[in-house]
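Given below, in the form of structure tokens, are the structures.
In the two complexes below, subunit A is the common chain; its partner is subunit B in one and subunit C in the other.
Showing the complex of A and B:
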């Protein structure tokens, strides 16, 4: 039987994820709208804040809008396309990696693309709307925004794969991975100039939230090749570490006998 | 050769914990680790197109062996080749050649109809749309899936779902099918349908079958050769006929009488299994008591209206093997 070796299967997985999410119409629409509303309410705090203070160490309300736009769309894109990046620890702990290992595709890519989060579609759309509302929608700026979103999505995916891969050594690290995601989102949504010294190093290494929010926005505000270079290099290093951690950890995988259905 | 396994060994590291809160507290600060052997020095061969049964109690190492042969787990030591490839080194390439079903781990998308899952698996196995459609049509006919192909999996019966699971594992026309408890939880009719379709695919496409099951009926219906594994060790590897010949040490007789009465057959080597007002069931070892002696003894107890002499089923034979090896069938 003739076989295609390409990545077409990823498209088929995304399609089936969407079909699965749309199987329940009302929850689908509620989750999508709910996440957008949630983001609007969260942003209201910054509107009130900047009503009293014009700027925070050089950051204005418009910068905050761009920050929310990049982070929401970046996280939304990561969770839409690679929704299992936040669930690897749970999948491994339940022994559910078996179903991917029994199929002829790269395990990590297959795992990542096997789930799309519906609320994250709301995040993604919210980010696009916020970018438009922030103004300056020229073709060049929009292109830079898309680049920032893609790099942010790659960083979210890679850092979550890295954090979740700890499960191969710790055996149970689901909560740790959840806390890591929360920390990533929280620290991503602060103005980059708030943090200096050790805190800044922390935000570009242990919890690389600087790469998902502050640095992409700096690139959007004053585009220069050096910032883009740092952003690309940081994302590539994280991705390499994530891939290495998963592949090395996979050798320690012990399977299991829990009964898990494919949703 | 389809499968070659030489001295395969695999153990898992597990933590022992005493009961209660105090035990948990102690284990938190001073964990006690232990290596638990899952399989020990297992060796066997399987020819292409052969149907091989893999029997053993819970925790015997059946699933661990299958997972190693699929490339899911790495062994501690030993060698194995499946269709000429080392599973844990050539996993991706091997997966194009084998199909696997894990009864406890469904492959189909729960909220979607099976047809959608079939098309995703077609893409995963690198089949183009037309090839997938042709193969799905064929499998739908063979497995009789027409009536529920477009019904969400969550609404299917367990039997219907399992037929779809086996069908999807055959989508890419594998040379070897690894089935781990495919009939778990199924009723007798559903089991029979699964067995019939697997047998059909085995005969029609020459697919080799390695089957683990707790249901001896599955093994008896599908496999000509059987391996018995217990406590991680291989304790029997031969044909089904040889298994029966070697361990068929008892015959069972059911007899019904015309008149009501209390009866027993006091003969050495004869054991009464059950008795009722009109009949009885006895068991005897034909190597020590002659069949004719038993029949005439039963005849002497009254006027018989019906008598059947049968061999014990495979379930009992396997129970005997476990007992001979002094193992608890429920040991996990």
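Showing the complex of A and C:
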């Protein structure tokens, strides 16, 4: 019963977010279309690159298309549903967490789902189109792709919650959280085979971009249960750490005592 | 009686505007640390990618560039992009919030006001980025291939930031006509990345595309300073500066024209 209520609450938040974004139709369409066009132009780099070099460490243009599809849709999904995962540090630093604490709802879930990013919807749609354009659209492959996108979205959300929760200990860590997101996106969008040894460990721990891009694509290229297992385990561990960091950090939170009227 | 300001007084005013962002940046240690982290991260990723490419090709030279040339070129290209402030956003926000009224009340030229502040931000960030990125690239592939390229590259860099200022200011002014400029910003950014050669020197492009891209302003902004730095020559210097100055005249004139029209549309409500 309680779980059903929770789902209804999150669903209501998402509906309100969507309606408020669509209230301003022209900016909505411009941001959505603009982001898709932005991604297409960005991908042109890889088209030019593989036109010249054909493959790098076993990766071809098609693999890059799959990588962009998974990362764009994964990031897009995370920001569409839990848009505040990148803004927790700012919310805490500004003392704006008070408004969530005063309500009888799970704090983290409420914070995360209170914002949906419109440009991210463009990312999500772009990823789906790119997956179709990459070819091999069988039912099994499409299911694997959706699974990869959901896991990538969970990893993005969990790692951003974790990075943003540092604000409870460091006081001003907004910039650090921004750079963490940039690093996640940058490292996600390069062929996984470029990074070996210590670099690979780094990309599965400190900046877990390997879980949002390279590993899901490895699973799509050659599906095997072990890769899926590693991916699920990595995502679950990150999610557990993120929840723990937020809950422990929340105990250190001090109200900003700001008087704000929320209409 | 009309009072004319002396050149010296004008220089003092705009000089103060130039110094302000320098001091702001110095006060924010976090900005310096993050600039170092970002530059290090990008150059590290580029090094991994290009080491793999050169190894796979089994050659020391691709399109006339070695790995060392390529990485120092990419450093200069990143330097252009990572050192500029978000001017379009600043102008757009000031239009949307109405705070542009305060900017216009000042006895300063609108364009020069923003240019002075922009130059202050760029000067600080460029020094930090060059130092951080330079150390990383030096450690990875050794010193720059041609030290004599430094002075010509600095000249070209200054003009390239002038060009970028015009683009950013024009996009910011678009807020007078549209409610949201973010789509323009993203698209301009990605077109300049691709046609400017941010991730891949234009020398590696198909010849027809490289020929088109080289004459466009995006290459004058990103490609030209880096290429001049790694492979300097008098001919390259002259052709680079001529093209940059030509585009600066075109874009500067467009900015003047549009800012004049845009500011005439301005309506301030309330106080």
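Quick notes on this structure:
Methods note: the second predicted complex is superposed on the first by the 250 of 263 C-alpha atoms of A that agree within 3 Å, B and C clash if a C-alpha of one lies under 4 Å from a C-alpha of the other, contacts with A are read in each partner's own complex, and residues count from 1 in each chain.
Following the convention adopted for this analysis, a contact is a pair of C-beta atoms (placed from the backbone, for glycine too) under 8 Å apart; a residue touches a chain by one contact, two chains touch by 3 or more.
Please read all numbers here as calculations on a predicted model, not as lab measurements.
In the superposition on chain A, contact is made by A:38 with subunit C only, not with subunit B. Contacts of A:101 after superposition on the shared chain: subunit B is touched, whereas subunit C is not.
Residue contacts after overlaying the shared chain place A:20 against subunit B, while subunit C stays out of touching range.
Common to the subunit B and subunit C contact sets on subunit A are residues 24. Of all the residues in subunit A, the ones that touch subunit B in their complex are 1-6, 8-9, 11-13, 15-16, 19-20, 23-24, 96-99, 101-106, 110, 251, 253-255, 257, 259-263. Those residues of subunit C that touch subunit A in the shared complex are 30-31, 34, 37-38, 41-42, 45, 48-49, 52-53, 56-57, 178-180, 182-184, 186-187, 189-191, 193-194, 199-200, 204-206, 209. Residues of subunit B that touch subunit A in their complex: 12, 63-64, 67, 70-74, 91-96, 100, 102, 104-112, 116-117, 119-120, 122-128, 131, 152, 172-173. For subunit A in complex with subunit C, the residues that touch the partner chain are 24, 26-27, 30-31, 33-35, 37-38, 41-42, 44-45, 48-49, 51-53, 55-57, 119, 172, 175-176, 178-179, 182-183, 186-187, 190, 194-195, 199.
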